[in-house]
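Order of writing sets the labels: A, B, C and D. Residues in every chain begin at 1.
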């Protein structure tokens, strides 16, 4: 035989939530009309700063999923100082990330020694076909504009040794 | 008369036999019910083959493997940092907690320890992932038992915790934030204040769930006395976490082993229950969420200053040896037996996941219960499919 | 509707029949649609800290039409091994019982489809037909989950028809009639110990009967905590598992139309139906009721219905589900004895006063 | 360009030898208790002070070891699994498919508490009152990988042994239900054996294998970048 209080308390919780929703508004947002801003560190998509990339292959080799494809060739660049020898630089031909395979682990961003890869909180890049998720360096470069500044750290943090 | 075809003849004979049997005795025929692989109560693709007599289960057995991803094999072709990204997909609701024991095992083999600040933040994030995980359990419990509202409350309040995890680590579900020797980064500014607020919300959520669900007499009549696991059986099957504590075994790896983590710096309590039934398991989890909010509340006030990363080589090679590290994860004891041969990657990783052991008791437990009780028991044992199949 | 003759418009028989059919459709579909929008879409969402459908129409009010459109477009699928004729028949039976049920509901002093003496008796009998539809739906689907759901529904019917009938008997004894119109009259023209400010709504004098009736209605409508025949988390919608497209739509309409009609019957039996306390306007019997009540009466009944459905849905969104055997035990060991005692007490008091 | 700069000195691996030898009385006592309970069935043991205990028992006394563990108070069954000590002939799947497969050292070297065979079964049991765990190891014969089942000792070993059977091909004599745990019934091979190739890493060439194309006119290609 059920006791009344427990059953009534449950009714009270739902009624309370209903009145809160009516007076204070819902906890959800109407997505296409209003958007929540993801946190600064959010790992939405990997953006590429092409100028910094030396096609050193470190990211492609440390990727657990083998989803980064890099091709490059060497060419001569004008010397830095006048009268110097022409430099040999690596020119990036192809930098593709297959987001259908990517696990968003961030290892590539971390290992990049030349600050060419960044996380952007951008998340609206779904595609109807899985093959379309392979993005080339032009697309990755566009996302560079959405990369935020790194956030301030909490008190007591030691910034030493971090890039 | 035309000749009957073989098929007709066979069906005629079968019909005769069936009639004869009904006439002989009013025996009911059993029925095999496949619960899953696609079923709302199986959190993924678990399949339970149940032999029913009416609504009563004669025997039932889970059939796993619909989501087996072979993580133990995959770890063998990956380096240690890469494995971290892999293992936080085992229990995808409390993923940060999956990284910690693996990282601790690697650190143990290398003979290093994370700095105090990193240990502290690790513990906070660990408890946050427990809250995120178990609060969803509390909501999901309602759905399994037919109440639809709790799950929305759980999703609502879990969202705050996920935002915290994402704010600190960048990943909502798969943080991949733990590194051998410390953490990837320090906490962003303002994070601690926000955590304080969220913990208040989570405690209110616990109260709401207690009023809405645990106090409800219907809920109690559905869960009390259902799926009782005695103490000895629980230990034999290697149950862990709340399932073990609900059977009266006072065992919590956070308290009972010394790990380089900060649990011993907070004041909290290990809850146990003596009944061993579904209600006890759910109740213990509810209390654990409350304890976790307390732990987080205390730890965020006392984070020591300093670096979050100790000095480790860029290319991590783990010296030869074997190490076993287990932690008290949201689902129970999660352990990694890591064998290293001094290479870039582990030689063999045995992943001892909590749900695998927790579910291995189900053939024993599901005998003689009713169909709705299967759902109750599965819900109260609380498995995550990735944690069974790995 | 008989409103036709009340408004002194003389119509030929076919026109009157047409009007009655249209009125019946309105009386079934309008409450169903309102209930789905107000309670299923909005109230449930608000109870869960969300807004519910917002895109179709202002505040999502056209969502139901969008849903109906979606269901009508869907392919009509039935399982290969299903008993196809029965499989297709089952939703119609469920819906038909709702239409049969609404036939005896009085909406005003003269606004009724039929007004016959054994009204409540007929209503309780006809309401059981829907469970027949559910049972054969479960059987014909050739699906084990559906079968379990159908059988659970049958068990539930047997268990809960009885307390419902017994709870109604208290009302019948007090009103002295099985005619729903007379029951409304008896409540609104009556008085509690000589005080007629509220009439005599039986929710006060038959409180125990009201509670039992509401519990039985909850079970009859298969709403949580008595939704075992559907039981999404166990039986994956039970007897409805294999239905899709417009057949599912018919089940869906049937579910909420029945909820509306049962709520109407509950408000007629216990809340005074379409009437207001007659003492407010100095009416004494049915003939003295003003004609405008034929317009206002349906609105009053509709309001009371919404109140009752609110309680039904509130409970549905808050409670977990019983187990089948617990439900049976609850019906046979708790509800039926209490309702029998209720009948006895009512009869004794009826004789005493 | 070197694929991985291996020149770095590992600074931390040496620390262990510098620390003074710690004697772990509690864990040594565990080994002693097992030795006295099992007699000469304990082949080898290893204690890492302050960390863990490894005990290797004889193949024919595996079930007796389990029973002894239960009698000694190790009532909590943690896990049971196996280890294939042969290094993988496939490496990490990062070979260049255009070149002949490199020779790999497949010498079998067992871990703690030694071993004589390629496969070892490993189980861990815990005494919940003292929070001490024991890793029990046992050799499994290479030609006939059969070992006693622990189901009658620890009921929870049931699923673990089924997993070990399908993943390593080790038969557990006396197991009540030796079916596959995860894999389909007709699956061939034992995936966690090291000689079972991980096809995902073989069918696709490693993207990291390509290197930056050298200058068309030849020249040095030893260093990439600035």
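Keep in mind that, in the parts below, a residue touches a chain if its C-beta (ideal position, glycine included) is under 8 Å from a C-beta of that chain, and two chains touch if they have at least 3 such contacts.
Just so we're clear, the structure is a prediction, and the values are computed from it rather than from any experiment.
**Q** In terms of C-beta pairs in contact, which of B-C and A-B ranks higher?
**A** A-B
**Q** What chain is the most remote from chain A, judged by the mean position of CA atoms in each chain?
**A** The chain farthest from chain A, judged by C-alpha centres, is C.
**Q** In angstrom, rounded to a whole number, how far apart do the mean CA points of chain B and chain C lie?
**A** 43
**Q** What whole-Å value do you get for the distance between chain A and chain B if each is reduced to the mean of its CA atoms?
**A** Roughly 28 Å, centre to centre.
**Q** Provide the C-alpha centroid distance between chain A and chain C, rounded to the nearest whole angstrom.
**A** Here chain A and chain C have centroids separated by 54 Å.
**Q** So how far apart, in whole Å, are chain B and chain D when each is placed at the average of its C-alpha atoms?
**A** About 24 Å separates the centre of chain B from that of chain D.
**Q** Out of chain C, which residues touch more than one other chain, so two or more?
**A** 47-50, 317-319, in rising order.
**Q** Could you say which residues in chain D touch two or more other chains, in rising order?
**A** Only 4 qualify.
**Q** Where in chain B do residues touch two or more of the other chains?
**A** Within chain B, the residues that touch at least two other chains are 78, 149, 153, 156, 212-213, 216, 218, 221.
**Q** Got a list of which chains touch which?
**A** So the chains that touch one another pair up as A-B, A-C, A-D, B-C, B-D.
**Q** Can you tell me which positions in chain B touch chain D when the two form their complex?
**A** The touching residues are 64-65, 68, 70, 72-74, 76-78, 108, 110-112, 232-233, 235-239, 249, 251, 256-257, 311-315, 317, 319, 321-324, 326, 333, 335, 337, 339, 341, 344-345, 347-348, 350, 352, 356-357, 359-361, 364, 389.
**Q** Okay, in this complex, where on chain A does chain D touch?
**A** 54-57, 60-61, 63, 66-76, 87-90, 114
**Q** Quick check: in the complex, which residue numbers of chain C touch chain A?
**A** Per the stated touch rule, the residues are 43, 45-51, 54, 314-315, 317-319, 334.
**Q** What part of chain D is in contact with chain B in the complex they form?
**A** Contact set of chain D toward chain B: 4-6, 8, 10-13, 15-16, 51-52, 54, 75-79, 81, 83-84, 87-88, 91-93, 109, 111-112, 122, 124, 128, 131, 133, 135, 154-156, 158-160, 167, 180-184, 191-192, 194, 196, 198, 201.
**Q** Flag every residue of chain B that touches chain A in the complex, lowest number first.
**A** By the definition above, chain B touches chain A via 78-79, 81-82, 84-86, 89, 117, 149, 153, 156, 159, 163, 166-172, 174, 176, 184-192, 208, 211-213, 215-218, 220-221, 303-309.
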